[in-house]
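Two complexes, one shared chain (chain A), two partners (chain B, chain C).
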Partner chain A sequence: MQARETANSLWWLIHKDLIREVRTPQVWPGMMLLGLVLVFLLATQLDLPLEQKGRVAGGLLWLAIFFAGTIACDRSFSSERDAGCWLTLSLYPIPPSVLFLAKLIVNFIALVALEIVLIPLFVALSDVSLASRPGPLILIAALGNVGFAAVGTVVSGLTCGLRHRGGLLALILLPLVIPVIFGTAEATRLLVMGQTDLQWGRWIQLLAVFAFVFTVIGALVFEFVVED
Partner chain B sequence: MSTVLSQHRPTVMKAAGIVIASLVLASTWAIFFVAPTEVTMGDVQRIIYFHVSVAWCGLAGCLAMGCCAAMFLARRRLTWDHWSQAAGEVGWLCATLTLLTGSAWAHEAWGTWWTWEPRLTSSLVLWIIYAGIFLVRSSIEDPQSRARIGGVLAVVGMADVPLVFMATRWFRGVHPVSPEMDPVMKWVLLASVVSFTALFTYLTVLRRRQLDLSESIAQREMSAWSADAPALRRLVPH
Partner chain C sequence: MTSSQSVLASRNLVLPMSRDLMSGPDLPGILTARRGPHVEARRAVEAVGVTVVYERVPVLRDIDLAIATGETVALMGPNGAGKSTLLKSLVGAVRPTTGCVRWFENPSPRRIRTRRRIGVVGEEMGLYAELTVTENLRFAGRMFGVSTVSDRVASLLVECGLKAQADRPVGQLSLGTRQRVAILRALVHEPQFLVLDEPSCNLDEEGRSWLEGLFRRWRSSGRTLCFASHDATECRTLADRIVHLEAGRIVAIEPCGCPVDELRRSA
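On to the complex of A and B.
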């Protein structure tokens, strides 16, 4: 019974954020626009032979996605802060870890939406054969998104009440997710070069370990994040 | 205040300081005059004795910062936050020295100041995470909020340490893991690691005491201001 109530609470928290974004788009348009600008600018710099292009394309793509994704993380809690709903949200009778999971899933969905737009555009602009093996690419994206969203949700919760929060969020979030960025970039590079062997598997393991570790740590420490 | 001042024992600290300074000088002497010269690299190889020592202290600092931060989050005593900050600051200094000494060694061994090898990259990531946490801490004035936010970030940042430690084994980089060494070299390396760890501990204790004293002085000033508040209010014209 308790598990069902928790699942209901989780659903309503996710539903609330998604409905708010549909009714009054605040986060996704800015995030998409920044992603598009970054992909366009980076793709124009990829005037290289096909093999060299394949070596660097993955890194550039994931850099653009995660850099634009910081906007989604930045706004995870600031809408509640700005609208004066923070106290209500923190008094909601659920464990803080459920609130963390809800915000993580919303950020995950935002990243998926970003990737649905940016990856095909990047493939079209750069002519890199990313779409030939969608299964492994989806796996890389899913693991990378979970790791990034987990750390982003914690850091966003911590910095949303601070002065200069935007700059601080990027400063602390990007170094913390460097392993995730490297993991996605390297796994994508090997995928483009057709080397989905042991080395590729190790990068996938790294991404999975980070996604798991950061999700568990985030759920554990989130009660200290929301107590403010 | 009295508790903090009573903990401050200058004689003990001075004696410890003299012993540790002697240890560091002795290990430095051993590095230059006892350890045999390496055949391939010559005297440049002696950087390794410093590099390994400060790298270990940098990792220990990060671990200590995370563990003390976790203790603060559990107990809510500011002295744990002071331990965390002190260990983090000294650890960050060691991480900086690790990058500098490693870069100097790499220039001679690999012919380049820097290469994007996993362990080097991980060390740089650790350094950046340290810097980011201190930047966030410096932007918060309230000690409790600073300790809470810095504590959570330190715990999350600590998750990077296993990556730093295991990177070479996971990714088959070019960084040496356990190279074959002459027994004398091993002893000198051990002496260097022990003496630098003692120095790291000493500096951390000193910095923690300084932070405790600063906090006590701030509290005293606040108490004095509160006690004088009625008199001050009478002086201020309505």
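On to the complex of A and C.
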């Protein structure tokens, strides 16, 4: 019964955030625009032979995606505070971990939406054959997204109560997610080179462990993170 | 003696500030004697030695306050006196720097079971401007695990006279209507304790009269209420006690209000 109530709360929290974004887009347009500009510049300025391009393409693509994704993470909690809803939200009888998971999932969905737009554009502009093996690419994206969203949600909770927090989230978040950026870039490079072997598997393991550890830590410490 | 104390002293309202009076074992007896045996004298909430410090500035200083089940308490004081912070401390939204708050004789107001029994309207209304009135209320009901949330929301809207606004986004409503929706949101799960921060601000004459009726029904049903207000008449009409705050301290406690039996008759 309690698990069902928790699942219901989780669903309605996600539903509420998505409905708000659909009715009054505040986060996704800015995030998409930044992503598009970065991908356009990086893909068109990459004047290298195709083989060398394939080696660096993954890193540039994920850097663009995660850089634009900081906008989604930044608004996770500040949108609640700006709407004057934080006190009410924090007093609902739901475990803080459920609130954390709901925000993490909304950030994950934002990153997926970003990737659906940016990856095909990057492939079209750079001619790098990223989409030839979609299964492994989706796995890299999914694990990278969870890791990034988990850290981003925790950092967003930490910084949203600060008065002068402009740019602070990116300053804290980007160094923390270096393992995610590095892991997704290396796994994508090996994928483009057709080397989905043991070494590729190790990068996938690193991404999976990072995503798992930060999701669990985030859920456990979130009560203290969002305290006034 | 502070300015508030001087004013109150002239009206013989300054009470001795002893911890025994406010939170000690005598409190249930005092309330029972004053309000009659029908009032359950268990403590609903109790703040013991609560001090809250924000960025090295003390906002609340050594607050001792106990509110009995069924009691209505009003907080009054000038801006910056600490009314909102005290309300936030009482509902567990602010952790005291020192001291503690107990709800329904539980050690922590942060427990999920305790939160289900509390309804809160804060300084900010806590409504999502993009969602309609019904969606806001249903969302709150779902967070509180209300099983028949659609029926509950529909009956609240009818009761409050907001049925015509039910499908309008909250962002398009007047401040007074939003305030009413915020109060309904706090009632959606039928809490036992209602905490409101300046609930009558933004309300017009009709809204104030609706709120007064709500408070009277609330009191006559034996549930507990704590609100902050600048309106002395409202406080004296509706509350059992007025707690006067100044610079983060309780400077006086003023007993007032009409007996519960009278309220039951008028409700």
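Everything that follows uses one rule, which is that the second predicted complex is superposed on the first by the 225 of 228 C-alpha atoms of A that agree within 3 Å, B and C clash if a C-alpha of one lies under 4 Å from a C-alpha of the other, contacts with A are read in each partner's own complex, and residues count from 1 in each chain.
Convention: a residue touches a chain if its C-beta (ideal position, glycine included) is under 8 Å from a C-beta of that chain, and two chains touch if they have at least 3 such contacts.
This is a predicted model, so every value here is computed, not measured.
Once chain A of one complex is fitted onto chain A of the other, the partner contacts of A:84 are limited to chain C, with no touch recorded for chain B. Once the two complexes are overlaid on the shared chain, A:182 sits against chain B while remaining clear of chain C. When the two structures are aligned on the shared chain, A:19 is found in touch with chain C, with no touch to chain B. Contacts of A:158 after superposition: chain B is touched, whereas chain C is not reached. Applying the stated contact rule after C-alpha superposition, one finds that A:171 touches chain B and leaves chain C untouched. By the document's definition of touching, of the two partners only chain B reaches A:206; chain C does not.
Once the two complexes are overlaid on the shared chain, A:93 sits against chain C while remaining clear of chain B.
Once the two complexes are overlaid on the shared chain, A:225 sits against chain B while remaining clear of chain C.
In the superposed model, A:214 makes contact with chain B only, not with chain C. Touching of chain A by both chain B and chain C, each in its own complex, is seen for residues 227-228. Within the complex formed with chain A, the chain C residues making contact are 88, 91-95, 112-113, 115-116, 118, 120, 122-131, 135, 139-140, 142-145, 169, 185.
Looking at the complex, you find that chain A touches chain C at residues 5, 8-9, 12-13, 16, 19-20, 23-24, 83-85, 87-95, 227-228. Residues 151, 154-155, 158-159, 162-164, 168, 171-172, 175-176, 178-179, 182, 202, 206, 213-214, 217-218, 221, 224-225, 227-228 of chain A are the ones touching chain B in the complex. Of all residues in chain B, only 73, 121, 125, 128-129, 131-133, 135-136, 139-140, 145, 148-149, 151-153, 155-157, 159-160, 163, 170-171 touch chain A in the complex they form.
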